[in-house]
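Chain nomenclature is as follows: A, B, C and D, assigned in order of appearance, with residue numbering initiated at 1 for each chain independently.
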Amino acid sequence: MGTQWWTGHQLAELAERLVPGSVARADEVAAYLKPESLVETMRALRDSEEGDFVYLANLCAADYWTRFEVVYHIMSLEKNHLAVAKVEVFDRENPVVPSVVPVWYGAWMQECEAYDLFGIRFEGHPKLYRIFLWDGFPGWPLRKDWLSMPGGLQPGLNEFSGTARREPPPVRVVE
Amino acid sequence: MIEGAGPVAAFWGLSALTLLAAGGVVVSRNLFHAVLFLIVVFLGIAGFFLLLSADFLAMAQVIIYVGAIAVLILFAIVLTPRASRDNAETRMAPVALVAGVAVAGLLIPAILDAEWRTLSSAPALPVSDLGRELLGVWVLPFQLASVLLTAALVGAVVLVRSPREEREEIDEEERR
Amino acid sequence: MSGAPFLATEHWWDLRDLSNISREILEFLDRVGPDWLAYVVSPLIGFVAAFLLFVLPSQLFVGVYGERRLIGRMQSRLGPNRVGKFGLLQPIADAIKLIQKEAITPRGADKWVMWTAPVVFVAPAVLVWAVIPFGPNMVIADIPVGLVYFLAITALPVLAAFMAGWSGNNKYSLFGAMRVVAMAISYEVALVLGLLGVVLFTSTMSLQAIVEWQREHDIWLVFLQPLAFVIYFISASAELNRTPTDIAEAESEIVAGYLTEYSGMKWGLFYGMDIGYALAAAAFGSTVFLGGWSLFGLEEWVPPWLILVAKTHLFYFVFIWTRGTLPRLRIDQLMALAWKYMLPLAAINLLVVAAERLWWHEAGLGDGIVYLFAAANIALALLLVVGWARVLGYRPERVPTRPRLVKHVGGYVAPGAETGGGR
Amino acid sequence: MTEIRSEPFVVNIGPQHPSTHGVFRVKVTVDGERIVDAEMVMGYLHRSIEKLAEERTYTQNIPFTDRTDYLSSMSNNLGYCLAVEKLAGIEVPPRGNAIRVIMAELQRLASHCMAIGAFANDTGAWQTPVMWTFREREKILDLFEMTSGARLTCNYMRIGGVAFDLPKEFEPACRKLLATFPSFIDELHGLLSENEIFIARTRGIAVITPEQAINASLSGPMLRGSGVAWDIRKADPYCGYEQYDFDIPVGYNGDSYDRFIVRLEEMRQSVRIIEQALDGLPGGPYRTEVPLALRPPKGEAYARVEGPRGELGYYVVSDGGPAPFRFHIRPPSFINLSLLKEMTVGGTVADAIVALGSVDIVVGEIDR
C-alpha cells in the first residue's frame, strides 16, 4: 500500500512519449521539463490514461544561486502515485516560467506566492500579484542574495564552524 | 374647542414645533435631515390629533406616517445612487416657488372662508364605531383603496424584477 | 371592578395594590398645591413607580446580569461572578465603565444625527410602559387604543436604529440600518394581523380590558389564539433583533450592525434599551396572551403586579433560551418567513377568528364555547403550520446528517459506492 | 424595461472583523446584499518563516512549524520531522510512532473542535457551540500540557521520535477523555447537524463540485466534503497508520454542511484511532538519537501528513549543511482558499461568511 513515488526517469519517459522533446533532463528525483512546452506537457500528463496527474499537490520555487527551480509535485488520486516535475530558469534578472493555472487551478495562489517571494513571473497567470507583501516591496525575500550581509557574509547558518559562506556569491547580487 | 391651560399650552407648543420642523424640511440642505424633520412634523400632527381626542387617528398617524412612510423614504434615500448630492440648487426652484405660492393662495382664502363647525365638547367616537362606519357605509371606497394598494404592490414587484431573475426562474421551471 | 371583591384594601400601606399610594399622594397634592400640580405629577408617579419597582431592576438584574448568567450556564461557563455577591453588581460596574469611556464620533459622521439617535431610541422605551397594566388599578394611562399605542411607540426605535446606522459613516452600519428597516416593515405586517385576531375576540383595544376579558372567561388568549401567539413571538424577536433573527446586529457578518461606530454610554443606551424593549415586548405579550396580572383567581391573594413581573420574566427567559440555542437565519430566509409564511397564516387566522366570533354572537352561545374554540384553534394552528409548509414546498427534508464512510482512497465516490462500515 | 439596481459598493470584510478568524481580509463588492466580486487580501501575518528557517539548524526549526498553524502544532511538527527523517533516512521506533499518532489525532480533535465552534459562530449561533467545543478542547490541551509542557505551541515532536515519553498519568487521563468524547460529539450532532436553521443556513451554500475540488488542489475536509475519498493517512500511510482501522467520511454534494458533517465524523474516527493506538501502545524507546546539528545528505524530500485542514506538506532541500537550504510549507488552508471567489460570488454576505467559515482557515498558516 501507500503512494507510489515515481522516479524522475519514469515521469520523463512518459512525458517524452506524450509530448516529444519536452524533457530537458531527468534524475532519480525529478524530471526537468522544458519551459517552452511546459503547459502542453502538463496538460498531456494530466489527461493521459497512464499518468492521470489530476492533482497538483505542491508548487514551490527554490533558488540555487545560478538557477531557479520551480517544483511541481503532481499526483493521481485514483492510481495513487506521485511524481516530481521541475522547471529550471537561468535568467536571474527576469525569470519567466509559463503558468500552469490553465491546467490546475490550484496553482493560482501558489504561483502568486512564488512570484511574491522569488520574483519568478508566471506567464499566462490570470492575476499575478504580490500576495503577501505589499506592492513595491524592495526585492524578493526568498532569493538567496536578499539581505546579503556586509563583509561578504552570506545568509545561512553562521554559528557552526565551517558553515559560514565567506566566499563571494556565485552570482552578481541584485541590489 | 380646546380649553384649559394644559391643552392650550400644548397646542401652542405643538404648533411651534410642527411649524419649525416644517421649515426645517424646506430649508435643510441635507436630504436625510429633511426627512428627519418631516418625521417631527408627523409626530406634531399626531399630537394635534391627540389634543382633539382622536386617539386612534393619532396612533394611526404615528404607525403609518412615522413607522412606515417616513422609513420608506429613508430607505429610498439610502438606495438611491445619487442621494449624496442632497438638496442642491436646481433650475426648478423658481417654478417650485410659483407653484407653492399658488397653492398657498388657493388654500388660505379657502380656509378663511370656510364655515367651520365647532363642537363644544369632543365627540365620543369609539374605535368600534369607526370600524362599523368604515365597513358599513364606506365599504366601497375602503375596498377600492385596498384594490389600489394591492395593484401598487404588484406593480412594484413587477418593476423591480430584473430580467436576469426572470430568466433564472424560467430555467428552474424547465429543470423541473 | 368586576368579579370577586379583592382582598386588597384601600389603605395606602396595602402594597398589594400600589395604586393606593399614588392616589393618596395625588389627593394630598390636590389639597395643598395648585390644581395643575396633580395633573403634572400623576403620570410622573406612574413612570417613576414602574421604573423604580420593575423596569430598572428587571433591566439591570434580569436583562444584563440574569441573561449573562443564564447564557453562561447554557454555555457551560460561569458568567459574571466577580463584582459583588455572585457578581450581582456587574451591571452597575458595566454602567460605570461605559460612562467613563470615550464617546467617539468618527470623522465624516453626521454628528447631530448620531447624537440624537440614542435619545430617540430611549424615549419610546420609557413611553411604552404607559399602557402596560400591572394590576386592576395600576396602569399609567388606560387609553382605549392601548394596543395600537404600543405598536405605534415601538415603530419609533426602528427610526432611531436607522439614524444610528446612517450617521456612522460606516458601511457595516448602513447594512445594519437597511436590514433593521427591512425587517421591521416585514414583520410589523404579520404582527399587526396576528394581534388583530386578539382584538376581534375581545372587542377592545385597551390592554386593561383585554386582561379583564381573559379573567372573566377564565382562559388565556394564548390558547384561543395559538397561531397569533407564535406569530407575535417570532415577530417580536425579529423586531428586537434577538438571536435567531438578529441579522441587524449580526456579529459574524456585519460586526455590530448599526451600532458599529458607537462607543461609551451612547452604545450603552442602545444596549440597555434593547433589553428594555425586550422586557416591554415580554410584558406586552404576557398581558395580551398570558392573562396579564391575572392568574385564575390567584391575583386576589398574590399582588397582581408580582404575577405580571413573573410572567414577563418567564417570557423573557424564552427569549434568552432561544438566543442561547439557535443559529441565525439569513435575511432572505427571514423575509420569506415573514411574507410567505407568517403573513398568509395570520390572514387565515384572522378569517377563522372572525367566523368564530360571528357565530358566537349571532347564535348567542354562552361563554363556555371559548373552550371549544380553544381546542379547535390549537388543532387548526398545528394543521395550518404543517399544511402551509407543504403548500410552499417545504418538507421536513430527510437530509443525511451523517457523511458516507469509505474504506479506501481513490477519486470521486459516486453515490452508493461507499465501502466503509460503521464501527 | 430597464433594470433597476442599486449602486454596487465595496465592503471590506476584515482585517479586523469577528468572522475572519484572524487578520485576513476579503474585499467584496456587493450589489444590495448580493456579492458580485470578492478579492482576498492576505499577508498581514507574514513572518517569512521559510526564510528564517534557512538560518537555523534542522532541530531549531521545529518551533517555527508550531507557529504556522497554531491550532494544530502537533501535526505541523510531525510533517516537518517526517520530511527531515525522510531526507536523512532516520527510522523512528514503534513507540515513538504510536505516540505521534496519538498526538496528531488528539490535535485533530482539538482543531476540529475549534473549526466547528467557529463555524457555528459564523452561522450566527450565539457563542454556545463555540463554548462547548472550547470546553472539550480545553481537556485535550490539558493532555498536551501533561506531555509536552505547552498547550498551544507544543514543540513536542523531534527528529527521530518525540521529545519526551508519555507520563504515566497520560493514559488514564486520555482514556477518560475518550470515554466522554463520543457523547460530546453526539451532543454537537443534536445541537447543530439536526438543527433546521443550521441546515437552512449551510446546505447548498458554497458548493464545490468534485472536479473543481481536485483541480483546485483542495485537500482535507474540503476535498472529502465534495465526495472525493482522499486521505493521506490511508493513501500514503506514515507513522504506522496502516495498522489502524478507520473510515474516511465523504460528503454528498460539497456544500458547507457536508464539510461540517465530514469534520464531525472525522472526530469520531479520530477517537477510534486513538483508542486503537492506546491499546496497542508498544514499549521500547520513543526516540532515535540524532545529532543536534544534523547534517542530512544532499538531496530533497517532500513529506506530507493529513493535517486537520488537509494535506500538510513539507518540502525540504539539503545542501549537506546543518541548515535546510530550502524549506517550504504546503499550507492546506492557504490552498483551500483558492476557490473562495467561486464560493462566494452570487451569494449574500451572510453566505460568504459561512463559506469562509467552512474553509476553516488559520491565518498564521496562510501567511506563514
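One rule holds for everything that comes next: a contact is a pair of C-beta atoms (placed from the backbone, for glycine too) under 8 Å apart; a residue touches a chain by one contact, two chains touch by 3 or more.
Please read these numbers as outputs of a predicted model, since none were measured by experiment.
Participant: Give the label of the chain whose average Cα location is farthest from that of subunit A.
Facilitator: In terms of C-alpha centroids, the chain at the greatest distance from subunit A is B.
Participant: By the contact definition above, name the pair with the higher C-beta contact count: A-D or B-C.
Facilitator: A-D
Participant: Between subunit A and subunit D, what is the gap in Å from one C-alpha centre to the other?
Facilitator: The separation of the two C-alpha centroids amounts to 25 Å.
Participant: Counting in whole Å, what is the centre-to-centre distance of subunit A and subunit B, each centre being its mean C-alpha position?
Facilitator: A distance of 69 Å separates the two centres.
Participant: Mind checking the centre-to-centre distance between subunit B and subunit D? Centres are C-alpha means, answer in whole Å.
Facilitator: About 58 Å separates the centre of subunit B from that of subunit D.
Participant: Go ahead and note the Å separation of the Cα centroids belonging to subunit B and subunit C.
Facilitator: 28
Participant: Would you mind listing the residues of subunit D that make contact with two or more other chains?
Facilitator: 214, 228, 230, 235
Participant: Among the residues of subunit B, which are close enough to touch at least two other chains?
Facilitator: Only 79 qualify.
Participant: If I count partner chains per residue in subunit C, which residues reach a count of at least 2?
Facilitator: Within subunit C, residues 409-411 contact more than one other chain.
Participant: What residues on subunit C touch subunit A, complex-wise?
Facilitator: Residues in contact with subunit A: 409-411.
Participant: Could you pull out which subunit C residues touch subunit B in their complex?
Facilitator: 36, 39, 110, 112-113, 143-145, 148-149, 151-153, 155-156, 158-159, 162-163, 166, 174, 177-178, 181-182, 184-185, 188, 203, 205
Participant: Can you list the subunit D residues touching subunit A in their complex?
Facilitator: 42-43, 46, 48, 50-51, 54-57, 212, 214-218, 228, 230, 235-237, 242, 293, 299-300, 302, 304, 311, 313, 315, 317, 321-323, 325-326, 328, 330, 334-335, 337-339, 367
Participant: Mind pulling up the subunit A residues that touch subunit D in the complex?
Facilitator: So the residues of subunit A in touch with subunit D come to 1-3, 29, 54-58, 60, 62-63, 71, 73, 77, 80, 82, 84, 104-110, 113, 117, 131-134, 141-142, 146, 155-157, 160, 163.
Participant: Considering the complex alone, what residue numbers of subunit A touch subunit C?
Facilitator: Within the complex, subunit A touches subunit C at residues 54, 77-78, 80.
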